[in-house]
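In what follows, chain A forms one complex with chain B and a second complex with chain C.
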Partner chain A sequence: MILTDVLGSRVTSSDGRYLGRVADARFVLDQPPPGQLLAGARLLGLIVSPHSAGSFMGYERNSVNRPWPWAQLLKWWHRGSFLVLWEDIEVMGPETVTLREGFSAYDPGLDGTGTA
Partner chain B sequence: MNRAQNAPVHLKPAPPAAGRVLDAQLHLLDRQVIDAEGLPVTTVDDLELEGVEADSPMTAGDPPPVISALLTGPVLGTRIFGGRPPSSRLIRLPWKDVSAVDVAIKLGVRSEGLDAGWVERWIRDKIIMRIPGGKHDPH
Partner chain C sequence: MKRLLGVALGILTAIGGFVDIGDLVTNAVVGSRFGMSLIWVVGVGVVGICLFADMSGRVAAVSGRATFEVIRERLGPRAGLANLGASFFINLMTVTAEVGGIALALQLVTSIHYLLWIPLAAFAVWLVIWRVRFKIMENVAGLLGLCLVVFGVALFLLQPDWGQLAGQALSPAVPQTENAAVYWFYAVGLFGAAMTPYEVFFFSSGAVEEGWKRKDLIQSRINVLAGFPLGGLLSVAIAGCAAVVLMPAGVEVTSLSQIVLPVADAGGKLALAFALVGILAATFGAALETTLSSGYTLAQFFGWSWGKFRSPGRAARFHLSMIVCLLVALGVLATGADPILITEYSVVFSAVALPLTYLPILIVANDPQYMGSDVNSRGINVAANVYLLIILAASLGAIPLMIVTGAGA
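Take a look at the complex of A and B:
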């Protein structure tokens, strides 16, 4: 599967409610190395933005606040963004991503979870 | 309905990750790729995921997909006009060749053996080397 097919897809709950669009995909390097160089990168989950299909520089996911007006604008634009884990994704496609019933929404912040 | 009035309001803290966390748009896509000798190779245009099929329902407990390759190719036109090139037009850089992800993505192999650099190699060998003085570094 090609990742950009999923970026921008509509995200709906299991009962069809529209939740937003896929703004990004989060990976974690914790798999056995496929070669000898770097750990394998598994899909941890998807970042869902209720108001925008994309994300610019991830202001809503880190603590960077300069330049202040720009940071505030972008954080407001992406307000309500959340992380949904792989375990809660039922179908992933280029048009629609469907989440499982009772899915959990997590804070999408990067600070403290690894590299930012 | 395209307005997300049903987006969750209360968010749980993200579970701790056992390894380094990378967001595709922020840390991988559009990054410069550098080979083992520090020479620029290409930029990352897309990622190939292994272990998931588009629009195929997953069952709980399915193992998560992993990045199998970085993809590069002729994406300028599709970025302007939409869509993406067919998979067959994209050149793969296997994830097993990636040695580090930083400001640039570093490979552990030399670019001479990679398909991603064939255009530059062709221009170097067929055009630049035929220009007088084109076979050596500038003095």
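Take a look at the complex of A and C:
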């Protein structure tokens, strides 16, 4: 499975309720494991957006709010979106992603400029 | 002193490089049919291209990224690919029109049929792109393009009724012989001709080619803010000549010889010679820019190494894609399709595709992670938003107007 297969998939809760679509995947860079030089990117979780599976165009970063009104429009477009951790995913694809019962929804925003 | 010369050279290049076959044809057609009553559109277009070029040049200089790298990063691969498809198609149409323009200009000089000149024109474009250094290429074409000033001289020699021309320009109205839909169709075309997307691809990629840094921003601003408006005046002069000579005679512009007719009328053989050199330089320069732009957009989207600062062997796919584009243009022209007609369609489609590249640049020019402290100022954002509305209106209106008016017939 590649990322393209996942992006845009339907996301449902364990009781089959529709939650949104996969809009993005969030990765973290860990310290490299002992004996290796490079850190691999680890999938932290998926961004689920209830209204649109389109790109955030960079406005997932909380500090970016220009130019008016496009920043506001794109943030509104993705209102109600949340980050769900990899551990909370019960079934992954092909067409649908099902979340575990009692999953936690995290704020999808990134602080700062997104580099830190 | 050297810096002053650099600034002067930059401005002159921008003036000469502003006009291409799209501006030549559209302005002459509009002048011959509407007099000066559509000339305000040139002004709107010039301010727009200044704004757009300033933003994309600043993004390129500060972040080191050219337009299509930014578009792919922001829109993601799928939406980016749709964007690339539209932009590339229109750019290819413009390449075809410019190569055809070179051949038409050579036909005027030599009386040899333009179809015979087309292979040579395409070959010459390729050879220059392959061999000649970026800076020299840009400056020579731009400076020779300054010969188009002869259109301005001709306008004075024709001793027109200035009051009447000014009246048409300042209180624009649809002439009685034309209907409103056709008027607005040509307004969109003229806007598309002034704000062709390739100018921005070329401008921002050129900034990377020449290794612009933050400190070069002032010079680039001067080049844009002085050069493009003066280039716009050349467009106005072309339309003016057509309005004075062709409109009263009832000539509808369908060929390059009609565009230069007022110049020959006013200044004789010498003026005509200048006009022909200017047209040849303008179309040749624009053929170089559009061909390079097709390579730039493809290479930037797919992440190939690109640029004339690399030897062709080190940017093989970039150069190969440009050769293929020139061959496609050659093939289209070989069918006998009229280059003037291709030009008229290309400026309208340019207007259609404009928002696709404009919005991503506007967004990135506001992103502090790329731009640091050089993000758009509030004033620029207000102007940029006003222009976004104009661009959207032109883009959405273009195709319906084209259908309603039968492409301005």
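We take it that the second predicted complex is superposed on the first by the 101 of 116 C-alpha atoms of A that agree within 3 Å, B and C clash if a C-alpha of one lies under 4 Å from a C-alpha of the other, contacts with A are read in each partner's own complex, and residues count from 1 in each chain.
To be clear about the criterion, contacts are C-beta pairs under 8 Å (C-beta built on N, C-alpha and C of every residue); 3 or more make two chains touch, one makes a residue touch a chain.
Fair warning: this is a prediction, and the values are worked out from it, not measured in the lab.
Engineer: Taking the superposition as given, does A:V64 touch the first partner, chain B, the second, chain C, both, or neither?
Structural biologist: second
Engineer: According to the stated criteria, A:L43 is in contact with first (chain B), second (chain C), both, or neither; which is it?
Structural biologist: In the superposition, A:L43 contacts chain B only.
Engineer: Tell me which touches more residues of chain A here: chain C or chain B.
Structural biologist: Here the partner covering more residues of chain A is B.
Engineer: Which partner does A:S55 reach: the first (chain B), the second (chain C), both, or neither?
Structural biologist: After superposition on chain A, A:S55 lies in contact with both partners, chain B and chain C.
Engineer: Is A:Q72 in contact with chain B, with chain C, with both, or with neither (first, second, both, neither)?
Structural biologist: After superposition on chain A, A:Q72 lies in contact with neither partner.
Engineer: Just which bits of chain A does chain B share with chain C as contact spots?
Structural biologist: The answer is residues 54-55, 57-58, 61, 113-115 of chain A.
Engineer: For a test of understanding, state which residues of chain C touch chain A in their complex under the given definition.
Structural biologist: Per the stated touch rule, the residues are 74-76, 79, 359, 362-364, 366-369, 375-376, 381, 384-385.
Engineer: Tell me, which parts of chain A touch chain C in their complex?
Structural biologist: Counting only chain A, the residues touching chain C are 54-55, 57-58, 61, 63-64, 66-71, 113-115.
Engineer: Show me the residue ranges of chain B that touch chain A in the complex, using the header's touch definition.
Structural biologist: 1-4, 6-29, 46-49, 52-58, 60, 64-67, 71, 84, 87, 90, 94-101, 108
Engineer: Please name which positions on chain A make contact with chain B in the complex.
Structural biologist: That would be residues 1-5, 7, 13, 17-20, 23-31, 33-44, 47-48, 50-51, 54-55, 57-58, 61, 80, 82-83, 85-87, 89-95, 100, 104-110, 113-115 of chain A.
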